[in-house]
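These notes open a run of structures that come right after.
In the two complexes below, chain A is the common chain; its partner is chain B in one and chain C in the other.
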Partner chain A sequence: MSLRTLVCPYEPELINGFREREIAVRVDSASLVREAGNAVRNSGNRLLCVILDSAQPVDAVPFEDGWSGIPILLTAPAAGEFRSIVHKLPLLRSLNLKIYLSSTNENIRDARILSSLGVSCTLRIEAGAVAWEALTDLMTYALCARAPHAPIDPFDYITRKYDATTHLKWGGVYLEDADKYFHLDKEKNVALSAKEALTGQFIGRLDEIEKAEPEEIVQRANAWSRNFTGNNPCATCEGFKICMGSFRPEDGKTEGCKAFFSETIETLGELYAQKDRAGKERVWRL
Partner chain B sequence: MATVIFKATEACNAQCVYCDVAHNENAIREKMPCELLELFFTRVNDYLLAKPDDTMEIIWHGGEPLLLGPDYFAKALEFQQKHCEKTAHRIRHSVQTNLTLFRPEFVPVFKQLGVTSFGTSYDPFTDLRGVGATVDANLYRRKFMESALLVEREGFSWGMIYVVTKLSLDRPLDIFWFLMNLNPTGSVMFNPVYLRDRSLSYLDITAEEFADFLGAIFPAWWKNRWRMRRVEPFRMMEENLMRGSRSMICCDSGVCAKTHFGIAPDGNFFQCGRAMDWGLLGLGSIRERSFVDVLEDPAKAKMLERTKLLGETECKGCRFWDVCHGGCPLDGWLKTGSLMSRSRMCVAKKIFLEKYFEPTVNGNGSQKSTVENCRVSVPGAPASRPAGDADEKQNGAIWINLRGTAGDALMLSGVLKQVADKFPQRKFNLVSRAGLDPILRGHPAIGEIGHPPADTRIMSADYWEEPGYGNRGAEAGRAYQTLARMFGLELPVDELLWTANHAGKDRIPFGLPWKARNLLLCPAADSARKQMSIKKWEELVELLSGSDTLIVQAGKRSAPYIRGTYSLLGLADERELIPLLPRFDAVVTVDNFAMHAAHLCGVPAVVLWGPTDHRVSGYRGQRHFQAAPGCGLEQGCMSSGSRDLCCVPCPQEYDHCLDSLNLQEIGRAVGEILAEKKEKSWPGREERPAGKSVEEISLP
Partner chain C sequence: MPNILLTSKCTRSCPYCFAEREMNSSPDQILSWENLIYLADFMAASGERAISLLGGEPTLHPLFVDFVLYLLQREFRVNVFTNGIMSSHRLLELKEHLGAVPNERLSFVCNLNNPEQTNAPEGQQERVEEFLGAMGPLTQPGFNIYRVDFDLEFLFDLVNRYGMKRRLRLGLAHPVPGASTAYIKPSEIGLAIERLYSYRPLFEGFQLDFVPDCGFPLCKFSNEQLGWLYRIGGVEMRFKCSPAIDITPDMSVYACFPLSNINRRSIFEFDNMGQVVDFLAGTHRKIRAEAKGIYPECDGCAQMNRGTCSGGGACQLLNIFKNEATVRLPEIESELKNTCLPV
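Here is the complex of A and B:
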């Protein structure tokens, strides 16, 4: 079994209990970012990133010069006031920072602005009421816009990893991929996503799981196949290969997600075709 | 390759409604005895020793071959190792299974046998396929999915057949996307149901229904084919009709009798698996006969005669003969009782190709040999293969199928203008193609532009496929002359271009910052191979730049921008470029539309050539720079025999021939043209806002 990256709460005792593991450490206060990052690095483990779960919008996060050199994954409820963010731009651009926002209409709009300001961000797309049309516009901007802009995930990830002949899992963008990440609590109980860790849905203890991989992990990896044994509309959707049925709304109305993922595939196809046609040097230059 | 459909048992754990074996009382449910299995491998070895250049594919069929169990396959492996020591490397195994019984114990032995792929069948929506006596479709689907995941995890490939029945007809696209999303690593094939049992007539489909089912799917496949694995019969049709491949499944090959035979669990030979299921065309027993004997049996020879007979009778003149050969003889027998008749599914193929395939691929500009190639006869002019004017009158105007680029359209337009000038009554129709139609719209020789009805006579304008084309140094080998010859003009002709309504004001809605000398650059071409690298273009621009020279770049919006030029990318299409061209003093271009357009407008041009040859495609009076191919292809990689390479970028990358051109010499040639510039007034030139800087030009 391959060793997974561990996503842990910032508990020095827990972190010091590991050796030569890759760790993403989670803090809920900006004041702990540097400390948590250093703690992982000094414990003989590799730091993937510090996850800062901020209850405040991005504009209110007290970014520091001292965060440079620390990969930071900032989850925030909103971007906040751009008047304030603009003053912090040089600092934000200098940091190894990725901002995670939920897919509200406002956040979709703000992700585009952040990206155009050179700040990389990620939208968390979850099943439910997503403004698919706005998301489609953002996807087009992220993939096709010729104006310089920072990457917007998951679109950037999808572009880089897309292979037309296979299914594409992109939960890794959110550190949610049973083949790559384990989310721990301080007792070393393992969950397969941050939400499950938060709600106590654990699949076992780390040491036991790493001795014998439970069936749950294989089932999670093959969860997409369940779409093909019932009368599920996702099974006949043109966009299935990059969605894998993960975003089906509970009300069963799939028009929005179907249009979004189908258009994303079409755009990717066009991009790849252009790339194939154009060759290495054929890049747009301003 | 010889192919044996090997049925070591006809027992099956499933009871699919339309299956011939499952409901055949005479099917042999027992396993083939071990002594026969051993004899089978000795026969395989004998065959391969007798045919040292041949290989043998053993398709484990049934019934359900996985019912044999891993031990039986281990026995087969043992016999193969024992008897085929010197020939084993020429044996391939594959397995046709419903997969529902696949389990990890099969993995080692299949890997040792060299099995790499499984063929399966699946039906997502109907309950026609199911396991057990109750035909449990849900259990079938669940087991199938579990096994498919296991098969993939173990590194095997799998493909599937979908059997189209009456119950499938209302959901073709759902079925298609379902199977695509399931993402088998092998191919997906749509087959019509073949029913012998009349009580199942409620499942039967007509040829028209099968064609319409395929036709409902085809546009979706065509649009998305770049991201699909093989889907049949579409890919096969595309390869055979458009790419000149000649690879077909047994039913369509016309030579199945030469290559295929089947063996039943009791060791009896049959023509094939289907013949075995229907109890037809028995060829004796493995106990008495070798494989060579079987393949040379007079009954097999008679089957081969069928192909010849159909070609001269029922199928005579069919333009799809090459991809059909009358279809499966057994299906013909099902309809007429005679093995010498064609399959009823021939009709399905024809309808599908004419009603769906051709219109769809035409719309995307890729049709090749699906249409009859005829030649035009112009009264009073010699024609290589005259179609006959009387014939033409009887059948209406000939449709011209123009592929290629806008430059080819301009050439065709010039040729047709000469035809129209000589023979004003002469009219052609044009197969519609986005991007090319505008060049020929309003042409006096063109009647209708659209999609040809079925059975229309279509003339190809693929001059590059003509004998003699590309013969350097020979006048008749030039592109324009070849095209003119195809339209019956007497050679040599003046290479005049023409297009309707191009004169007048240009359509660029804002002024350009004209300078004393104005140069147009058109670096892009339909093929990456015909392009020079951006870096070289930028060096050339630096060389040509001067305070009194405006350098403008034109091309499609997606074309890469050349630094230092004034960009009109995306602002002028082909038709809009033509009235704009005369405003420039010179054009620097590659082998593309601008090269033709410059000739049309009489604007001096410097043309850079690499894989194509100016002696074949260039115009006299233009300055040509020909790069010598450094890739070992002396004729260039896009000569008449290798035109398909145009879609693939040059593998030489930085050693691409066009990049070896001497920029100093090109710059000198351009300089000479600009120096010779005569102060003639091009249309609209007086409107240029001389002296204005870029900032002063107001953009809309």
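Here is the complex of A and C:
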């Protein structure tokens, strides 16, 4: 069994208990970012990133020069006022920073603004809370805009990893992939997502799980296959290859997600076809 | 430098307004963030580094300050055409967020009307002066001649009092097909230039020069007047009419306000600004294929052949066509059908 990356709260004792693991450490205060990053690096582990869960919008986060060199994953409820952020842009661009926002209409718009100004963003796509139409527009921008812009995930990840002959899992963009990440609490209990860790839905203790992988992990990894055992619209959806049934709204209305994922696949197809054509048209060389 | 129209609303109703028809046909339109970003990308990919913001009155856009800050961040030079009439709140925003932007990156052209010759609601002139008090050094004065007895004296006073840039952007009011706005007829252009020349002592005394906007015919200036123009304005003399390139909030693009109904297209039909310019220059060529200029003597004129003069505005030419037989290209004829200009 491969060793997962550990996503854990900033507890020096917990972190010091690991050796040569890859760790993403979670803090809820900007004042702890540097300290937490250094703590992981000085503990003999590899730092994947510091996750800063901000309750404030991005424009209110007190970014510091001292964060340079630390990979930061900032989750925030919103971007805030553009005129406040604009003064922080040089610093934001100099940091190794990804901003995570939910997929509301406003956040989708703000992700486009920030990306066009060189700040990398990730949109959290969750079943039931997505402005699909705006997200489709953003996807087109992320994949097809000709002017340089910072990557927007999950689109950038999907574009890089897309293979027309197979399906694609991209939960890793949110550090949620049962094959790659374990979310811990300070007692080393393991959950398979940040939300589950927060609500106490643990599947066992880390030492036990790493000795014998529990059934839950396999089930989670193969959850997509259940779409084919019932009368489920996802099973016949053109977008299934990159959705895997993960975004089906609880109310069963799949028009939004279906249109979005289908169009994403179509756009990817065009992009890859363009690349292929460009390759064929190259002048021959010795 | 393409013009992006942020909004179709305006706080003024000038008798010569070029944009009136456009504003009436699409009220309440405002440019969205998404479209602004698209346009910024489009311009950047086309190698454009300067953008003008127009309206209506562009400062009425609720995100005006944010849009300017955004374009500055995208490293565009931004020029704003305003009438200077805005709320105290908006003016405060301008001062706070844009007041310190270097002049070579952000400038304003404030279109000034003589309050004694152009009726305006009470309090508007005070608002204009409040704007000039705050942003005067970033602002170039603008004036449109729409009557031959125009009075410019008020303008020298404003330039002097508010430390405005000492270069006047001087426009001729042009006919807009389908609108009943005031404009200078071809037969009146010489008189307007004479009137302008009578302000020579004031231009020289206040060290104010001016740049003629589109549609001034070279032949209506005497050699003496041209010499004076050259002496006060240096080499920036234009006697041309070419597509200004206006892009509306709904992403339509056309040559300029008076020609907004001819060959109007969506910006999404083009890959870059070069294509837009070529396409709209074609509109001008089609009009000028019918008549070279606004005067009979334009045909065969050496200055036109040399390209130093366009022979007046293309919109003035449409006015000449309107009483002639319907033998022209369909887009020109369809525009003429809506025309009810006084000849």
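Heads up, the rule we're going with is that the second predicted complex is superposed on the first by the 278 of 286 C-alpha atoms of A that agree within 3 Å, B and C clash if a C-alpha of one lies under 4 Å from a C-alpha of the other, contacts with A are read in each partner's own complex, and residues count from 1 in each chain.
Operating definition for what follows: a contact is a pair of C-beta atoms (placed from the backbone, for glycine too) under 8 Å apart; a residue touches a chain by one contact, two chains touch by 3 or more.
Just so we're clear, the structure is a prediction, and the values are computed from it rather than from any experiment.
Enquirer: Quick one: classify A:Tyr157 as touching chain B (first), chain C (second), both or neither.
Expert: Neither partner.
Enquirer: Looking at the overlay, what does A:Ser116 touch: chain B (first), chain C (second), both, or neither?
Expert: Touch partner of A:Ser116: chain C, not chain B.
Enquirer: With both structures placed on chain A, which of the two partners, chain B or chain C, ends up touching more residues of chain A?
Expert: On the superposition, B touches more of the residues of chain A.
Enquirer: Identify the partner contact of A:Val86: answer first if only chain B is touched, second if only chain C is, both if each is, neither if none is.
Expert: After superposing on A, A:Val86 lies in contact with chain C but is clear of chain B.
Enquirer: Can you list the residues of chain A that touch chain B in one structure and chain C in the other?
Expert: Common interface on chain A, chain B vs chain C: nothing in common.
Enquirer: Once bound in the complex, which stretches of chain C touch chain A?
Expert: Those residues of chain C that touch chain A are 33-34, 37, 40-42, 44-45, 63, 65-66, 69-70, 73-74, 97.
Enquirer: Quick one: in the complex, what on chain A touches chain C?
Expert: Contact set of chain A toward chain C: 82-83, 86, 89, 109, 112-113, 116-117, 137, 141, 145-147, 149.
Enquirer: State the interface residues of chain B toward chain A in the complex, per the touch definition above.
Expert: 124-125, 138, 141-142, 145, 148-149, 173-175, 177-178, 181-183, 220, 224, 226-229, 528, 533-535, 558, 560-561, 563, 649-650, 653
Enquirer: In the complex of these two chains, what residues of chain A are touching chain B?
Expert: 164-167, 222, 225, 227-229, 231, 234-238, 240-241, 265, 269, 272-274, 276-286
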